[in-house]
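In the part that follows, the structures are each spelled out as C-alpha cells.
In what follows, chain A forms one complex with chain B and a second complex with chain C.
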Partner chain A sequence: MSFFTRRRIRNASLLVLALAGIVWWVRAREQTLDSSALGTGYLLLAAVFFLASYNVRKKLPFLPLGGSTAWLQWHIYVGIGTVGVFALHARTAWPSGWLEALLAVTFYLTVGSGLVGLYLTRTIPPQLARVSDEITYERIPAFRRQVRRQAEEVVLESVAASGATTLADFYTARLYGFFAGARGWRYLVRPTSALRRALMREMQDVRRYLSEQEQIGCERLFTLVRRKDDLDFHDARQKVLKLWLFGHIGLTYALVLLAVLHGLLAHAFHGGVA
Partner chain B sequence: MREPGPDYASRQYERPNQPWVCGLASDGQACPAGPTAGGACPALAECVPTRDGDRWMCNRSPLRGGVCAEGPSPEGGCGCVHRCRPVRSLRSIRGRFVTACTLLAAGVLTILLSADWRDRAISPGPLAQQHAQLLENETSPNPSLRGRGKCAECHSAAERSVAGWAGSLAGFHGGETGQSQRCMECHKSTISTEFALVAHNVAPQLLRQITASGVGPSSNHKRHELACATCHREHRGAQFDLVAMNDAACQSCHQQRYQSFSTDHPDFGVWPYERRTRIVFNHASHQAKHFAEKKQAFACRLCHVEDATQSVQLLASFENACALCHDEKIATSVAKGLPFISLPTIDVDALKTAGHDIGPWPEAATGDFDGRLPPMMKLLLAADQDAAQAMTALGADFDFLDVDPDDPVQLAACAKLAAAIRSLVADIGERGPVAVRERLSRALAPYVEEPEVSALMAGLSVSVMHEAANWFPGIDIGKEAWPRDVKSADLPARKTPQYDPAGTWFLDDVTLSIRYRPAAHADSVLTSWLKLLAATPNLELRPLVMATFRELSSPTAPGLCASCHSVERVAEGQMTINWRAYNRTTGPRSLTKFSHGPHLLLPQLSDCTSCHAINNSADTAAAYSEDNPHTFVSEFAPISKQQCAQCHTAKAAGESCQKCHNYHVDEIEAWRLGGWGRGEAEPPDARELGAR
Partner chain C sequence: MSELEIAVPRPRRWNEPFGEMAEADVDALLRIEPFRSIDANAFPPSLPLRGILLGDTRIGRYQAGDLIVREGDYGHSAFLVLAGTVRVVLERLDAKLLGREEPPRRSWRQAIAQLWSNAKLPEVRASAGANDPANDRVGTRDESGTARVFLQDVPRLLEKTGSVQLGVGEIFGELAALTRTPRTATVIADGRATLLEIRWQGLRDIMRRSPAIREHVEQLYRENSLRVHLRETPLLYDLPDNIIEQVALATEFESYGNFDWYSDFGPNHARDATEQIAAEPLIAEEGDRPTGLLLIRSGFARMSQRHGHGHRTLAYLGKGQVFGFSELIESHATGEGVPWRHSLRAVGYVDVLRIPTEVVRELIIPNCGLWIADCGLRMQDTQQSAIRNPKSEISASDARLLDFLADHRFLNGTQTMLINLDRCTRCDDCVRACAATHDNNPRFIRQGPKHDNLMVANACMHCVDPVCMIGCPTGAIARDANTGTVRINDRTCIGCSTCANSCPYEAIRMVEIREPGGAFLVDEATQQPILKATKCDFCAAQLTGPACQNACPHDALVRVDMANLTGLSQWLGRKAG
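And now, the complex of A and B:
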C-alpha cells in the first residue's frame, strides 16, 4: 500500500468519524428540543473561514503555519466535510428563501469548483509528465519562440543547402502559423493531437517532393512540430490548472460574505429564545 | 519527480509572484530586468558600451550572449534596449478578479439590504398557510402590528439595521419584544399569555403535581420556558405542518422513555371516565328495564350522535332522546303548580294568648299551625330582618306543622313571620318586580338585576298579586300598575338571557297560594330561580339560602330538574346545575384527545360497547349523592390500553404521542392532578393554580 493510499484511507476515516460525531450531536440536540441549526451554522462558518485561509496561508509562506501539503490535505477533507454539515444544517437541497438560495448556490458552486480543481490537480500532472519534461508555465513563450527560431533556421539551412524551396514553401503555407504562437480556446478546453497528426501526415506526403538535403531538414521539423505540440499541451493544461482557481477563490469570498450575513440574520431573527 | 528540461537552466529569471510581467514575455523575449513594482518598463540596455578611441564597443556579458550584432549607437548608447508595455501577471489578474467578485457580492448585498423588498429577500422561505397573510397582505390583520414591516410582525429585528443585527451577536436586544411575545399578540385568544411559554401552558406547580419527577429541564429551557419557535418551525413552505412533532421532542422533557405504546405507556386508569356524567343517566337500568318495558331497542346511536367533524359524540336533544318518556313525568310533577307564595295556617288564638297580635289574617288560613313556606317565598322573606331571624329560630327547613304552640320562642317567631308574610304580599302587590329585586338583592348579597328578576317572575301579572293582597282584610294596595324599576335601568345592563315563553301563574284561593305551572321541559322561570341560587357565593355559610336551593334542586322537586341535571360544587362555594351534557367541541382542550369517527368505521369497533362496556354492578345513583363530581363509580368498565394497542402500533395505526395527546391545553384533567376519585374530599383548584 502506497503512502498516498494510506494517507487517503486515514484522512477519509477521520472525516467519516468527524461527520458521525456531528450527526450524533445534532440528533442529541434535536431530542432536547434544542435547535442544532445555530451549532451547525457556526461549524460551517468556521469551516468556510478555515478553507478560505488556505489562500491566505499561501500568501504568507514565511509564517510557521505548517507545510502546504498538510494544508491542502486539510483543505480537501474539511471541504468535503462541509457538504455533510451543510446537509445537516439546511435539511434541504434547495432553500426557498432568496438569500438562502443564493447562499446555497454559491456554496454548491464553490464546492463544485473545488471538486473540479481536485480532479484537475489529480489528473493533469500525470498527463503532463507523460508528454514531456517538466516545463515552467511562465517559460513556455520563450520555449515556443526558441522552437520557432529553430524551425526557421532549419528551413533556411535546407534552402541554402539544396537550392530548392519546396520545404520552405510548405513551411510558409502550413507550419508557419503552427509555430507562430499559442493555440486557440478550443484547444484550451479540449486539447487533442489532431493538428499535430495532420501536419505530420502532410509532411510525410510532401517528403517525396523534397530533395535529399530538404528531407534532412524535414526530419528535424518533425521533431520541432512534436516539441511545439508538447509545449502547447503544457500551456493549455497548466492554464486550466491556474484558471479554475479564479472561480474557486472568487466564489469563496462571495460565500464568506453571504455566510456572515446569513449568520447575522439567523442570530437577529432567531425565535428560539424564550 | 522528473528532471527539469534541458532548457531549464536558462538565463531568464521568472517572477510569477510579481504583479507585473514584461510585455515581451508572451513573445518569449522577456527582458531580464522585468517591470518595476509600479508596472513601468525600465527600458534597460543590455550593456553599457565602452569607448575605444573614437569607437564605441559593445560590452554585453558573455552570459547574455556576448557582443551583439547591432552594436552601440554613434552616440554610445546600447543597441539592445528592451521597451515594452508591462502586463499584469496571472496572479495579479486573479487577485483583481477575486476582489471584483467580492465587491460585486458586497454590492448585491448592500442593494438587497437597503431595498424596499428587503423583507422578501431575506425571508428564509414561505410561511405556512396559516401565517401566509402576514407576508402577503399589505396590512396586518392584527391592528397593533399595522405600520411595521412585514417581517416585523413576528421579528423585532426587522425594525433594526444591520448594525443592530450585529448587536444581537453579543446578546444585546435593547429590551425589545421577543418573538414569542409577538406570537401571543395574535394567539392570546386561544393560549394563556401568562403561561404561553411554559410546558403545556399550565402552571409549573401543576406539572410538578402531575409527575413526581417534575419536568426535566434541558439545556435551553432551564426556566421551564419554551419559545414558540422551539416546536413551530416556520418558513418551511405553505404546506409545512407547523404542529407536527416527533416523539423525541416530547421525550426531551418526559423522562420516562416510551419506546412503544403497547409496552411502555401506562394503562389509562380512569380515563375517559374521569368524572360522573353531567346528565344523570343509568345506562344499565335503561337498557335492562326502561327500554325493555317500552319494547324499544337500546341503541347507543339513538342518544349519541356525531358532530359535524365526526370526531365527537354529542348527546341528542331532550326532545329527540328523552321527551318520549320523560315529558309526561315532568308534566305530572308540575301539574299542581309550583307554589310561589303560599299562606301557612296560623293559630291566631295561640299567638294572641301568648301576647302576639298579628293583625288581620285570612280566615281560610287560620287554625292549627300547618303548612310549609315555598322556597322562593322563604328567600323573599329572608330580606326582612325579623323574618330571617324567625326562620333561623324555627330552623332552615322548618314546617309550621312542627311549631309547638306552647313554645313562646317559636310562637314569637311565627308572629314575626306572619307579619312579614303580610308585608311581603302587600309589598310585591304594590311594587312588583322592584320589591322582588330589592328583597333578593338583600337576601343573596350580590346585586340582582332587573332582567334577572323579569326572568324569575316572567308572566306574573299585577292582577294576580292584587287579588292575593285581598286575602288580607284591611290591606288596600289599589289597582295601579307596578312601577318601572328605575334603579336597575340606570345601571349598566348585563347580558339579558333569552328564554322560551314562560308557563302560567295562577291564584289558588283554596290553598291561598300563588302558583306557577311551568310551560314544559327547560322552563325559563324555574331554571332562572335555580341558576340564581346556584350562583350565590358561599352557599355553605348561608343555611337558609342553601336549604332553599336544596329544596328546589331536589331530584323530586317539581319539574324533576335535578333528577337528570346533576348538581355539583364549583369555585368560591358556588354550585352549578349541569343543564347540558359535556360538549367536547366547546369544552376546554385537555392533554388527551380522541376522534370517534375513524374508530367507528372499523367493523369490530362499530358497536360502542366494544369499548364502553356497561358495568351493571355499578351504583350510578349513589354517584350523584355528593356535590363532588369526581367521587363516583363509573357505570362503564375501564378501557384497557391493550385494546388500543392492537391497532396502534408503529406499523399500523401509529403510536406517536400526538395521536392521542395535545401539547397546548386549556385545562389539566383533574384526575391527572391526583386525589380526585381516590377519596380526597376537596379537589385541587386548577383555576387558582393558573390553569385556564
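And now, the complex of A and C:
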C-alpha cells in the first residue's frame, strides 16, 4: 500500500469518526429537546473560517505555521466534513429565505469547486509530465512567438532556396492560423491532439508535391507543429488549474461574507427556543 | 578550405595563465629551492618546468594581518614562502572573526515583523556590505587588482590562540589543494610577506617528475591524515594500531579524472550515457586480476558491469567506500584468483587509496579473522546507508535513474531539490515562498533536467564537492561547519562572480542590489551596478526550515541527500501512490 493510500485511509477514518461524534451530539441535544442549530452553525462558521485561512497561511511562508501539505489535507477533509455538518444544520437541501438559499448555493458551489479542484490537481500533473519539456506558464506567450517566428523563417528560407511556393501556400492556408496564437475555449475545456494529428497528416500528404529544399523545411515544420501543440497543451491545462483556484478562492470569500451575515441575522432574530 | 571553417590556434593549457609571471620572475625562482634542485630534464618538452612556473604560478604580496587561507575554505593552490613569514593559527578561529557569521535564526517576533518590515522591491540591502562599518572584524582592500581580506588586531588574536611561524622555503596548503578537502587551518601574513601560489595542476605535474617533492607531500599526508582516513573505513576501524601503521606505509595514492571536472561539464556539454561512461577514466576493469583493495578518498566512482555492448551502472561509491573486497576474500578462501567482477570509473575527479593485494591478504584478512563475514556485512551496511546501491535499494530497472543522477553529477548534492512532476500542479507556491523569505527574489528556478516524472530543479544542492567555493577572494561563500549548508555572506561578497562562474549547476545568480529607497546601487568609481551573488541558503535564518518544501501543498517537492539512498528510494516509492 502506498504512502498516499495509507494517508487517505487514515484521514477518511478520522473524518468518519468526527462526523459520527457530531451526529451523536446533535441527537443527544434533540433528545433533550434542545436545539442544535446554534452549535452546528458555529461549528460550520469555524470550519469555513479555517478553510479560508489556508489562503492566508500561503501568504505567510516565513511563519512556522506547519507545512502546506498538512494544511491541504486538513482543508480537504474538513471541507468534505462541512457537507455533513451543513446537512445537520440546514436539515434541508434547499432552505427557504433568499439569504439562506444564496448561502446554500454558494456553499454547494464552493464545495463542488473544491472537489473539482481535487480531481484536477490529481489528474492534470501526470498529463503535463508526459509532454516533452517542462514549460513555465508565464513564458508560454514568448515561446509561442518564438515558434511562430521560426516557422515563418523556415517557410521564407525554403521559398528563397527552392523558388517554389507549394510549402508557403500550404503554410498560409493551414498553418498560419495554428501558429498565430492560443487555441479557443473548447480546447481549454477539452484539449485533444486531433488538430495536431490532422495537420501532420496534411503535411504528410503535401510532402510529395514539395521540392527537395521544401521537404527539408517541411521536416522542420513537423517539429515546430509538435512544439506549438505542446505549448498549447501546457497553456490550456495550466490555465485550467489557475482559473479553478481563482474561482474557488472567490467563492470562499463570498461564502465567508454570507455565513457571517447569516450568523449575525440568526443571532438578531434568535427567539430563545425552550 | 571551406568557408564554414575558420582556422584558429588550438586552445592550450596556459592560454589563461594563473597570474602574471614575467620571465625574470621565473629565472629568480629557478635559482632558489626547491626549484633549483628539480631536474628540468625530467619534464617533457610539451610540459617544461619553466612553462609550469610561468603558467601555473603567481606571486602574491601580503601585508601584516592579511588572510592567506582560511580554515574551511576550499582551495585549489598551495603556497611557498618566498620572503617574510606567515603564521598558521593552530586553534579554530571564531567564525565571526573570519567574516563567516552564522545568520541568527529569527525569533517568532522577528518572523512576524517580516510582515511589515520586508521591502516591497526585490534585492533591497541596507548597505553594499564588504567595507560596511558594521562589519568591523574583517576588512578588505585591493592589492593590485586582487581583493585581500585582512584581520583587525592580529597580535591580540594570536595572544589567545597558539600559532606556528613558517619562513622562507616552507610550503603550506598542498594537501587541501591536492585532495580537495577544506583547509584545516587559517594562515595569516606575519608582516610583509611574499608568497608563490601554485595551482594544483602545476603542483601535480611537478610532483610527478620530482620524486623529492612527491615524497615530501605524500609524507605530509601519511603523517597527518592517512591513519585517520583508514580508521574511518568500516572495514579497518578495529584493526590494531600496529597493523594500521603497516597498512598506511604500504598504501599507494592515486587520482583519476579531471580535478576541474566542472569546467567541461554543464548544460552545454551533454553526452549520451554510453559516451559518458566511455569518457570516464577507468580505475579498475571487470575481468582483470585485482591489484589491491581500492578505497575512495574523495569524489565519486561509478561501479558498472558489462551488459550487451555497453555498461550498466550498479552503484556509486563515495568517500570511505571500498571496491574489490569480496573478490579478495573469495580468492583468499578458495586459493584461486578471482577477477574483478565490476568496473570502476571516475565520475569527475576521484582520489583513490590502493592497498596492495598482498597487504590485504597478509594484514587485513587475517586480522579480520573470524569476523570476515562481519566485515562483509559492515561493508554492505555502509553501501546501503551511505550510497546508491541499486541492487539493494533501487530495482535494476532504475539503473537509468542512477545513470541520470551520475551523468548530471547530481550525486554531488546533499540537499538536491527533486520535484515529482506527477504531483506538481505548477502552482509556484514554492517559488513564491522562496521569494517571500529572500528579498522578494526566488533563489531557485522551478526548471531543470527531467528523468521520467522526476525533475531536478535548478537550486543549490549544497554539494559534497562545492566547487563554487574555489577561488572566492573574500571567503564570502563557505560551508557552515555545523549544518553543511553552503552559504554566501552577503556582507563580504564583493560581487566578482567567481562562484557563479564556477558552479557547474548554474545555481548562483548575480543580482543588482538597491538601497531601501529603491534606487540601484552603483560603484562610485565605475558607475557599474553593485552585484551580489545569491543562491539557496537552505533558509538558514528562517524558523520554518526550507520554505519551498514547506510551501508545497501536494507533496511534490523534496530536498534529498543523494548519499541517503534509503531516503531517496522511500520518496521514489511514495510517488507511485
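Quick note on the criterion: the second predicted complex is superposed on the first by the 271 of 274 C-alpha atoms of A that agree within 3 Å, B and C clash if a C-alpha of one lies under 4 Å from a C-alpha of the other, contacts with A are read in each partner's own complex, and residues count from 1 in each chain.
Criterion: a residue touches a chain if its C-beta (ideal position, glycine included) is under 8 Å from a C-beta of that chain, and two chains touch if they have at least 3 such contacts.
Just so it is clear, the structure is predicted and the values come from calculations on it, not from any experiment.
Visitor: Looking at A:3, would you say it contacts chain B, chain C, both, or neither? Reply first, second, both or neither.
Guide: After superposing on A, A:3 lies in contact with chain C but is clear of chain B.
Visitor: Is A:97 contacted by the first partner chain B, the second partner chain C, both or neither?
Guide: first
Visitor: Which of the two partners, first being chain B and second being chain C, lies in contact with A:134: first, second, both, or neither?
Guide: Both partners.
Visitor: Which partner does A:246 reach: the first (chain B), the second (chain C), both, or neither?
Guide: first
Visitor: Have a look and say if chain B or chain C is in touch with more residues of chain A.
Guide: After superposition, B is the partner touching more of chain A.
Visitor: Examine A:60 and indicate which partner it touches, taking first as chain B and second as chain C; both and neither are also allowed.
Guide: The answer is second: A:60 touches chain C but not chain B.
Visitor: Is A:261 in contact with chain B, with chain C, with both, or with neither (first, second, both, neither)?
Guide: It touches chain B, and chain C stays clear.
Visitor: Take the contacts of chain A with chain B and those with chain C, and give the residues found in both.
Guide: Touching chain B and chain C on chain A: residues 129, 133-134, 136-137, 245.
Visitor: So in the complex, the part of chain A that touches chain C is made up of which residues?
Guide: Where chain A meets chain C, its residues are 2-5, 58-64, 67-69, 71-72, 121, 124-126, 128-129, 133-134, 136-137, 238, 241, 245.
Visitor: What part of chain C is in contact with chain A in the complex they form?
Guide: Within the complex, chain C touches chain A at residues 106, 108, 111-112, 114-115, 421-427, 429, 432-433, 436-437, 446-448, 450, 453, 455, 542-544, 547, 549-556, 573-574, 576-577.
Visitor: Any idea which chain A residues touch chain B in the complex?
Guide: Residues 30-35, 95-100, 129, 132-139, 141-146, 242, 245-246, 249-251, 253-254, 257-258, 261, 264-265, 267-274.
Visitor: In their shared complex, at which residues does chain B touch chain A?
Guide: Listed in rising order, the residues are 1-8, 10, 12, 14, 16, 21, 25-30, 90, 94, 97-98, 100-102, 104-106, 109, 112-113, 120-126, 151, 154-155, 157-158, 160, 162, 164-166, 168-169, 178-180, 197, 218-221, 223, 225-231, 234-237, 248-249, 251-253.
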